[in-house]
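In what follows, chain A forms one complex with chain B and a second complex with chain C.
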Partner chain A sequence: MSNFVALLASGLAVGAIAALAAVGFLLIYKATGVVNFAQGELITLGAYIAIWLTQKDGAFGLGALGLVPGYVVTILIMFVIGMGLERVAYAPLRGRSIHVIVITTLGAAVVLRAFIGLWQGTTPQYLDSPVRGDVLKIAGANISYQRVLIVVVSAIVVISTILLFQFTQFGRQLRATAADRDTAKLCGVPVNWLSMLAFGLSAALAGLAGILLAPLGSVDLTLGFNFMILGFAAAVLGGFGSIGGVVVGGVAIGLVQHLFGGYVLRDYNAIFPFVLMILVIALRPQGVFARAAVRRL
Partner chain B sequence: MRLRRSLCTLLAVGVAASVIAATGSSTAAAGKTPTVKIILLAETTGESSAAVPYYANGAEMAKDELGGRVEYTRIPAPLAPAGAENAFQQARDQNPNAIIGFPASSQGIAVSASIKSAGIPFFSLSSGEQLVKNGPNGAKNLFLIRPIDTVVATAQAQYVVDTQKKKKIGLECVDNATGVNGCNAARKVIQGKQGVSIVAERTNSTTATDLTEQATAMKGADAILDYNFPNPLGVMSNQLVDNGINVPHVDGASAGIIAAGGVVKDKAASNLKGTDDCVPTIDKRSKVKKWVSDYQSKFGAPPIYSAAQTYDMVKLIAAAAKKAGSTSPAKLIAAIASISYDGICAKYKADDLNVLQHVANIVKFNAQGKESIAKPLSFAPGALPGVVPETTTTTAATAPPSST
Partner chain C sequence: MSTPWTTLEKPRAALPAEVSPDSSRGERPRPPVMRGQPYLWLALFLLGVALFRQFGVSGFGDADLINTWLYFSVIVVGFYLVFGVSGQFAFSQAVFAAIGAYTSAWATRVALFGVDSFWMGVVVGIVITAVIAAAFGFLMRRASHFYFAIGTLGLSEIVLEVLRKWTDFSGASGDTTVGIRHISLFGYPLDNPYRIFWVWLGALALMLLLTIFLARSPVLREAIATRDQDVVAATLGVAILRSRITMFVLGSTIAGVGGAIFAHTKGFATADSFGIDLGLGIFVMLILGGLDSRWGPIVGAAFYVFVPQWLQGGVLGIPGIDFTVNVFGQEHRLGDFRDIFFGSLLVIAMIAFPEGLVGIGRRVRSLLLGRAHPAQRTWLSDLFGLTPKKQPAADEGARVREATVASPPPVGAGAIDGATRAPSGTPVLEAHDIKVQFGGVRAVDGVSLSVLENEILGLVGPNGSGKTTFLNALTGVVPASGSLRVRGSRVRLARAGRVRALAVVRTYQTPQTYDHLACIEDVLLSTADRSLTGITPACLGRLAVVRRDRARWEAAARALERVGLIGLAEEPAARLSYGQRRLLELARAINAQPQILLLDEPSAGLDSSETDQLVAHLRRLQGEGVSMLLVDHKLDFITSLCDRVAVLELGRLVAVGPAATVFEDHRVVDAYLGVDEEATSRA
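After this line comes the complex of A and B, so read on.
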């Protein structure tokens, strides 16, 4: 039983991070129609910025910030970086083939990774957490409080994002843009500003994912890549439609990898999310939750 | 008549040239050091996600000290086998006298046929047992700087079983040559010891970010032998503690890297032990202390084993060229095989397997991650522990600076 609980907690935490990455994908997709493959590197960058702000002498030798203020500043910096990314990797190419833009986001990912390597080196580092080392005992299993924190914070962020989508002018404009960009523009929706905001929010979510994920193990340049792939798989499962759909997709991916993979073909559990993704694409190409998403739009 | 005179003149010029050439070569043989052209095949910071600056820094430092005796170039060698082969061919085109390179065994194994056919002295930065002189991927001109990975892995397992007297062992293996060779060696030690058993054996990828299943599987073990890369080792160390598993956790050189990076602290650090064949920063010898201080002032950070090893190899090659009085491959290889060189890491002397270093240390860490030596190890030259070599050409998606 304790093993089951430990694996369940692990699956939920991984699923929650994948869901954050997937929501990041979805935000940009809705605003621009583009899938941003730099999302993984933005997760990694978020973790490194948090380390930079909170450890040793802090940023520019100005002194280390406390953990929570450091996290908040990291998310704000990531928001600005996201908007900057939109300016250099999307805005100049608006109107070009979608493939060109997608390849540009991949290029941005490579540049970001090289930048982080030059800036922080490649030796694994550690991001501290206010709950480092604390564990919650449930049914004989030790659940790290960091995992609990991941699930709780992700749930709050996802609910907030759903509310933002449903009940704010930004959400309505974003949904209008997703439905028909040209018509939205004719109706006065500031689509360019929206795409900047979407990139900013998406990068902030990636930064948050990095901050939550990093204290579980160690931080190196590959930290975010796996979660970018898992987030993409989650978005595909959700049909790139509603936030609820991609979140369920993320959790499903975490559970299939860690809970199912904890008992069956353990050494190959990394393949299960993608087996699930391929099955969904084969059996239901529009995604599991696509119909619900269409109705919402 | 005129023809005869011309022939005589030509003959005289020829004889004079031969005398000059003979005098020159005897000068070289008498001790004039020829300039050696050395190429380093390794990446440095920014060239890939696994690249570290140490290999290049160490070689550059030696080159600066040797001045005109060494001509040094670095070519980035990616971890993917095709990229490593390209880098090797680029190096070969420049007609070097010696090549140092390939931090990951998977690179050396993949390029071994080209190394053999080139015939130039090649110093491998990784030490997969497949690469020893008589191994499936070895060659007469291929030298291993570090102790053979399976020899170190065996010593690591013997330390746990014989010195620490642990009976129930958990095995964790990264899914490439480092993990396969290491776990094969450990399994052999454990199976050969009565009353000692493996309670769980798991693998992980080089990019794993969650090892809950692997950590919980180790419940019941009274020691864990880990053959891993730095990042997943950090994940495993912390998740073992999170899951209440506080037993000795013994890895290779990756342990020192994650401890230095602050990835493990408190129990995760004090549970951890590593096997490091060179720890210059805790060496008490005055020449090593001076070298560490010089390195730190030059590069702004303390060196690790990889910097010391490339530094030592550039100097060893220069010393061998001086001894040979020539840079021809055959003479240089013969000189390298016979020379004894006292470097920063160790006293290097090639054995029958072309392995140059035969010492290592089991290292331990305090709660803050500070490293100290738990047990010095020395290995008999030319000895392999009887581990069946894996002729795998498994390639690492990413490889760390610690790959053995």
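After this line comes the complex of A and C, so read on.
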């Protein structure tokens, strides 16, 4: 029983992690119709910036920030970086084919990763957490507080993102821009400003994800990429584009990975989310894309 | 030279009408890929590389670097087929190389079939890679671009994880599989970079030959058509699923071959050497090199391999820049900025030169030769007298002018024919209770309509009445319910291309032509004779394929001649005016040898003389026994052509009959002009 609870808890945590990684790129996807393949690198960058700000000398030798202030500053920095990314790698390409834009985000990913490598080197580093080492005991199973924290924060992020999209002027304008950029512009929606904001928010969410995910293990250059792929799987399962759906998808892959992988083929549990994802694409390729595919001929 | 198309109108009337359409060109048009000397260039390239390696390179380091370049070239040539030609967003190229490498290593280690040679291993590697790629391609058959990309990322994770964990298969201790058997040729082991070079050169030669074979057969143009407009390609009769999966399997298998050779030449393998770094590198190489040319991969790989080495202080005897930079408190040589450099170049390339280095090369060449666009001819082929005689560039204008003037078809003859072959009254296309629903809207709401043999049936109705949607439903472009029979045989709805097999061909409201194909290739897509269009004949039955294709060019040229576009046959469709695109679509429809033609607003955007030409073309087709369903808005155009007229309103059929009676019908008048409220209330 305790084993089952532990696996269930791990599954839920994986779901929350995937959701957290996914909300960032879904935000951009919903606002611009582009999947940003550099999102994983932004997550990595967020983790490294947090380490940089909170380690013993702090940034530029200014002294270490406390953990929570460090986190907040990281998220702010990431917001600015996201806006910059929009200007450099997306704005010049507006209106070009999806292929071109996606390749550009790949280029941005390569640059970000190489930059982090130059800056921080390749040796794994560690980010501290206010709840490091604390463990919650439920029905005999040990669940680290970090995972609980991730579940809670994911829930808050997902709910507030949904509220933002559905009930605010900003969300309405974002949806209008996604549906038809030109028409939105004609209606007076500040589309340029909006897509910068969307990229900024998305990067800030990536930073948050990096901060929360990093204490689960060590931080190296592949941290964000691995979580992002998990986020993709969750997003596909949840019907790409739906922010609520990503939670469902995330929990589904988490449970498959830990419950299925916990009892059968334990060594290979990392592949189950992707097997599930490929099956979903094969059997139910609908979702947002199916609607987007109907063109007027 | 600026685009001449805009200035076409004026000289038109002044030109003598009897100018023969192809007098400026001594021979029949053909797909531009059939011009030029790719085999010669390939031979020269191989010779050049071989000579350079043999006499220009010394030292194991540089020899090894050349091998790495050839290795990447092989893999990226495969990716050129998957991504460049077929447009499939695959991150899986690197892991297919891994599959080839590990499978081949495994097969030689366990001596499968009692043989432990590399050659057996590579064959097993090819088979397994192809099977996995085919299975994956089939699973992804309905995936959109993003889903496909994400699916291949998932596949990469699965494959790498399995290779890391399944040590019985990989034979790895720790992360590395060691002791992979070296390649031997005639009992002669190829165990140093100098000897291995010849294996790589041979492999690259084979792959390049393959791309030439594909380009000089229907395979490549059909793959490009599938990439650019898959639905249109399907309605023309191109087997889009086959095209996609074949290109994916072929390209992935090439990666498998590359991986196998790599593993057997190095003697060891790690899963990480096929990881995401190589995956992204493959994108960088293809895009920097140029993704629309078979030389792009080679140029891109050279750039990727040699430039960082050069920045590290020189390569191949070329002295490079060698100084260090202090970044974040550490000394770095310039080569350390490799990935930043490449990543930024990828972004810059996409913004500034999407055709890559090969594209830049073409532009430079055109500039040097004073041409506005690249021609097929090269100085070398001129030197050897290999170029077919072409008119100098000055003739271009004349050729273009002819194109629009050329041969309005003999109106009289067609019309007389049409008159003699009256509609017989047998239905050839019977649509019953066709319904199309978009969300809550019934765009087509139970329409039953038959096209009779040899008639022209007009379909009219106000905007939004469902005319185009009805055509889309018949051709399987949108999901629809109901039943459809063509000449008695039932056709499944909602499958694009099904009706094409029964000689039903359509045109589109806005002309759907292919910017990246020459006009003649565009027309060739619809060819009725689809034999020998696969990759097997393209590679193994060259003579038969070329002979068969030549007959197809003839037919396509006749169709182009008929609509007066023969002079533009080898120009890309992107250079055509709107009206010319309509004619091109018509030529494509004619080349399909249709029995039933569905035309969606063929007269839209045409001026009155162009409309007259169109009427003549359609009359002539009717004279040849083609039945037509004609959607249009221009009532005089409809009345002059159509034997019967059907009227749609809000997705329902309100009237069918001879034009004169239908346009008298008050329901039709109401539909078009609105209801006279007063009159209704009085009645």
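We take it that the second predicted complex is superposed on the first by the 286 of 297 C-alpha atoms of A that agree within 3 Å, B and C clash if a C-alpha of one lies under 4 Å from a C-alpha of the other, contacts with A are read in each partner's own complex, and residues count from 1 in each chain.
FYI, contacts are C-beta pairs under 8 Å (C-beta built on N, C-alpha and C of every residue); 3 or more make two chains touch, one makes a residue touch a chain.
Please read these numbers as outputs of a predicted model, since none were measured by experiment.
K.L.:
Assess the superposed three-chain arrangement around chain A: do chain B and chain C clash, or do they fit?
P.N.:
Aligned on chain A, chain C clashes with chain B.
K.L.:
Thinking of the overlay built on chain A, is A:L7 touched by chain B (first), by chain C (second), by both, or by neither?
P.N.:
first
K.L.:
By the touch definition at the top of the document, which applies to A:A114: first (chain B), second (chain C), both, or neither?
P.N.:
Both partners, chain B and chain C.
K.L.:
On the A-aligned overlay, A:L223 touches which partner chain: chain B = first, chain C = second, or both, or neither?
P.N.:
It touches chain B, and chain C stays clear.
K.L.:
Tell me which partner A:G171 touches in the superposition: chain B (first), chain C (second), both or neither.
P.N.:
A:G171 sits against neither chain B nor chain C.
K.L.:
Determine, under the contact definition given at the top, whether A:G244 touches first (chain B), second (chain C), both, or neither.
P.N.:
The answer is neither, since A:G244 touches no partner chain.
K.L.:
Go through the superposed model and pick first if A:I271 touches only chain B, second if only chain C, both, or neither.
P.N.:
second
K.L.:
Figure out whether A:A89 sits in contact with chain B (first) or chain C (second), or with both, or with neither.
P.N.:
second
K.L.:
Decide which partner touches more residues of chain A, taking chain B and chain C as the two options.
P.N.:
C
K.L.:
After fitting the two complexes on their shared chain A, where does chain C collide with chain B, if the options are 24-32, 60-68, 456-464 or 672-680?
P.N.:
60-68
K.L.:
Where on chain A do chain B and chain C both make contact?
P.N.:
Of chain A, residues 113-114, 117-118, 222, 225, 267, 270 contact chain B in one complex and chain C in the other.
K.L.:
Quick one: which bits of chain C touch chain A in the complex? Just the residue numbers, please.
P.N.:
Of all residues in chain C, those touching chain A are 87, 89, 136, 139-147, 149-151, 153-155, 157-158, 161-162, 165, 231-232, 276, 280, 283-284, 287, 327-328, 330, 332, 336-340, 342-347, 349-351, 354, 468, 472, 477-478, 508-510, 512.
K.L.:
Taking the complex as given, what residues does chain A use to touch chain B?
P.N.:
Those residues of chain A that touch chain B are 2-3, 6-7, 9-10, 13-14, 55, 113-114, 117-118, 121-126, 133, 135, 141-142, 144, 213, 216-218, 220-223, 225-227, 258, 261-262, 266-267, 269-270.
K.L.:
Can you list the chain A residues touching chain C in their complex?
P.N.:
Those in contact with chain C are residues 35, 37, 88-89, 92-93, 96, 98-100, 102-104, 106-115, 117-119, 222, 225, 229, 232-233, 236, 240, 267-268, 270-271, 273-275, 277-279, 281-282, 285, 289-290, 292-297.
K.L.:
Write out the stretch or stretches of chain B touching chain A in their complex.
P.N.:
45-53, 175, 202-203, 205, 207-213, 216, 230-232, 234-235, 238-239, 241-244, 257-258, 260-267, 398, 401
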